[in-house]
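Quick notes on the structure that follows.
First chain written, first letter: the chains are A, B and C, and each begins at residue 1.
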Amino acid sequence: MSAPGAKDSILRVRHLTMRFGGLVAIDNLSFEAGRNDITALIGPNGAGKTTVFNCITGFYKPTEGMIQMTHGDGREYLLERLDDHVIARQARVARTFQNIRLFGGMTVLENLMVAQHNPLVHASRFAIAGLLGLSGFKKAEREAVERSKHWLEKIQLIDRADDPAADLPYGAQRRLEIARAMCMQPLLLCLDEPAAGLNPRESDQLNQLLLDIRKEEGIAILLIEHDMSVVMEISDHIAVLDYGVKISDGTPDFVRSDPHVIAAYLGVEDEEVA
Amino acid sequence: MAQSATSLSARLPEALKDAAIAAFISLALFAFIVGIRTVDDPGKLLLQPRPWLLAGAVGAVFVGRLLLNLFFWGGTHTQSAFAPLLAPLGRTFEKASPWLTPALVAFAVTLPFLPFTDRYILDVAIMVMTYIMLGWGLNVVVGLAGLLDLGYVAFYAVGAYSYALVATHFGLSFWVALPLAGLLAALWGIILGFPVLRLRGDYLAIVTLAFGEIIRIVLINWYSLTNGPDGITRIPRPTFFGLELTRRGEPSFHEFFGIPYSPMNRIIFLFYIILVLALITNFITTRLRRLPLGRAWEALREDEIACRSLGINTRNTKLSAFAIGAMFGGFAGSFFATRQGFISPESFTFIESAIILAIVVLGGMGSQIGVVIAAIVMIGGFELFRELEQYRMLMFGLAMVLIMIWRPRGLITSREPSVYLKERKAVSGELVQEGKG
Amino acid sequence: MEYFVQQLINGLTLGAIYGLIAIGYTMVYGIIGMINFAHGDIFMVGAFIALIMFIFLLSIGLTFVPLALLIVLIISMAFTSVWGWTVERVAYRPLRESFRLAPLITAIGMSIVLQNFVQITQGARVKPLQPLITGGFEVMERDGFVVNLSYMQILIIVLTVVLMCVFTLIISRTSLGRAQRACEQDRVMAALSGVNVDRTISLTFVMGAALAAVAGVMYLLYYGVIDFYIGFIAGIKAFTAAVLGGIGSLPGAMLGGMIIGLIEVFWSAYFTIEYKDVAAFSMLALVLIFMPSGLLGRPEVEKV
């Protein structure tokens, strides 16, 4: 197990507890995500992984605990105190969803433009400069389109930029959602089961994309995943959850051989641990 | 349609049976309401049986249903026969919209000088334009942001009363009061919008309806300010750069330009005012759609949670839609007040909200040209039945029901992307969400 | 104190009428998730059928009030149900799996149609009915102020309570009630497990219309005048009641109706009668903002 606080962490989750009425979804969970690491959160179905995500991204207010985000320049954000959109905008945490949430009736390009809403609104001086067609806004918009193009090329969807997002095949929608999150220029990218429903080839592409993102953008990735080929291959660090409690935490090799993890998985889906 | 090959005679027994059932049901429906009329007699009510009317109504249902069964429905009547007729019509409009828009604008601009135009036609045109403007304003809220507002008439009322009050009390001219009324309406949009933003769907609809009614009740009862149900009279008319368009204006339009006085001048002037106001509304809305704010409205309609995850402040985004929609309603209200010269709470009932919403939904949510077509059809059509005073509201309601059943997404369903890389491809209406707010 | 008790009685009576209409809204909203905007006008049609039937019975010399009332109730419930059924069949069923706004627009359209249809066929004038049930108890008296509990009010409250019990039993004990609850949960699964969804929804509309008809009869007897427009305001208030009680909950609708009735009566009695509707509507807004699931409704958890 890595000693907490010893390395440079972008996200520190401390004593996080979430109760829904009488149900304890997360119980006193602590873990950290390294600044340039891919951290995986794994565990059987219903272990509370998505709830952790919802607490980090502000969709749920945790019952107890602290979620601390530290930027590279030392600025700190206590995420449990912020609204979801503030977490996305200021703390610069982006996320995807387990059941893809694209803007289906808008085109692929529009989806990526919406992700750049805040800088664009600012450049459009809250629509006034935009209405008048001032050049500052036009420049900002061109840059936003360029960034969108960059990501569309990365996810091989540049040819479908003008098609509605809902028309894309499933795997492409997953990639588009990641690209949309990246267009926010986040420092922490939270992916909720990005490999769910992908075929082996798409799954490999996803691994490559995530490794690329970490290498080129230098950001941290936190992911929930069931697909062990993804988790074991790309993660630097894995935290294992069962019934809302952390049962293991460490490198992939450590977690793989941890008897607690094997015990937790054996009863459920033992082949996933292999 | 597949069964239309079967011969009429083979279908006849089935059709007769179905028509008989329909006739029987209509007999149950109409037995009291149509078959017997209550007549006032001093002190009490008398009943007046109307068996022939009842028989006629039931017979009409029987014959109508029989004919529909035999000639239109071809055995199955789950899908109406008229829907396939309306779909190509919608597509035609969609295809035609690149040239239809300039053609309509050109027609509107020249309308006052076309040979067949008389005062009546111009009056109707002014009314249609007012509803087009209201429709465009509500389209921001309902069509783009996906927030269901059933109390839009409240902002129309705020605009009308704002202008009427500042004009009659402080003598402000229409052109000064207009922006003021728009701002006040926008402010009310924010005040009313703020508490209800967390509500979704039908709840939002019913609360906005309640707000609309509250404003109307306040207008009726706040006698000292609004003059209650008697309304405000002698609201000043708009001037043309200070020139009055009346016979004895000081200074007057016709004397300044050395032309003979005609009451038509004023009507034409009013028509151009509403035309310009409406075109401004359209310009701002279409422009906003291509800006980040408008894109955020549409994203909000598509998926609010995704918006929040992308750092969009959904509360402010919703409020901006409410405020801008309300502002256009306020402008239209001021125009209404200055055109009528008289306003009372009577003009701002729920039915107005329903009509404006119907125009937006029937036209196809989010579609600017759809609003124009729906306003022309509904308001113009409504005028056609002017002779049948009491039947026309009935026809209006029936039209709302039938058009919705035939084309639930409205006439123009496709959505125009706000930005594109290579080519602008319309998004099929099937994919566009309607919003849950 | 006496004044207060009197207003309490009046408020509960009015609340019972709202509650009966509210049940129709709450059942329909529960099962197909739409505001049946025309429901208030169904109530109005019920009141008109009752009016015509009453005058008819009186004109043929049937002056024994309990019998006349029974006949009127049965006839009005039966014929109003046909209206409720027809509205669903014509305007809502074709749009059931469609766009969410479409049925709302057809519902508003149906409301306009019903109002204007009755206006055309029966005239726009206010229709009076002579008082049939008069008299009552003096509950208490002090300083010359008498608190009255009229037979009319007793009838309304007792009838409402009885109907409430009957309908709660139907929902909780019969197969129809089970089918309704199944459709509320998941219409597709209900259909797969053999529930006739179309029939269940139709019956829900029929039940709602029948209760609205009872409310119509009571309104007619209580106020003595009706017109084609009574459905609109009563409808909004009843919907408010349904929301207040928690949409989908039958006891909630009744409770909400009582609260709205009390608010309206007390507001009129102690503040201004002009603003009684404002009080009711403000209540609606406040409840929805601070307690969106109502008093007895199930809270809705946002799924991310």
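By our rule, contacts are C-beta pairs under 8 Å (C-beta built on N, C-alpha and C of every residue); 3 or more make two chains touch, one makes a residue touch a chain.
A quick note: this is a predicted structure, and the numbers were derived from the prediction, not measured.
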item: Leading chain pair when contacts are tallied as C-beta pairs; value: B-C
item: Most central chain, judged by mean C-alpha position against the global CA mean; value: B
item: Farthest chain (mean CA position) relative to chain B; value: A
item: Rounded Å distance, chain B centre to chain C centre (Cα mean); value: 29
item: Intercentroid distance (Cα basis), chain C paired with chain A, Å; value: 50
item: Inter-chain centre distance, chain A versus chain B - centres from mean C-alpha coordinates, in Å; value: 44
item: Residues of chain C whose C-beta touches two or more other chains; value: 302, 304
item: Numbers and ranges of chain A residues touching at least 2 other chains; value: 59, 97
item: Residues of chain B whose C-beta touches two or more other chains; value: 305
item: Chain B - residues contacting chain C, complex; value: 25, 28-29, 31-34, 36-38, 40, 44-47, 78, 80, 142, 148, 195-196, 198-199, 201-203, 205-207, 209-211, 213-214, 217-218, 220-221, 305, 350-351, 354, 357-358, 361-362, 365, 390-391, 393-394, 396-401, 404-405, 408-409, 434
item: Residue numbers on chain A that touch chain B, as the complex places them; value: 57-59, 84-86, 88-89, 94-95, 97, 101-107, 109-110, 113-118, 120-121, 124, 126-127, 130-131, 145, 149, 158, 161-164, 166-167, 180-181, 184
item: Residues of chain B touching chain A in the complex; value: 284, 287-288, 291-296, 298-299, 302-303, 305-314, 415, 417-425, 427-428, 431-433
item: Touching residues (chain side chain C, partner chain B) in the complex; value: 29, 33-35, 45, 48-49, 51-53, 55-56, 59, 79, 82-83, 86, 90-91, 94-95, 98-106, 108-113, 115-123, 125, 127-130, 232, 236, 239-240, 243, 272, 274-275, 277-278, 281-282, 284-285, 288-289, 292, 302, 304
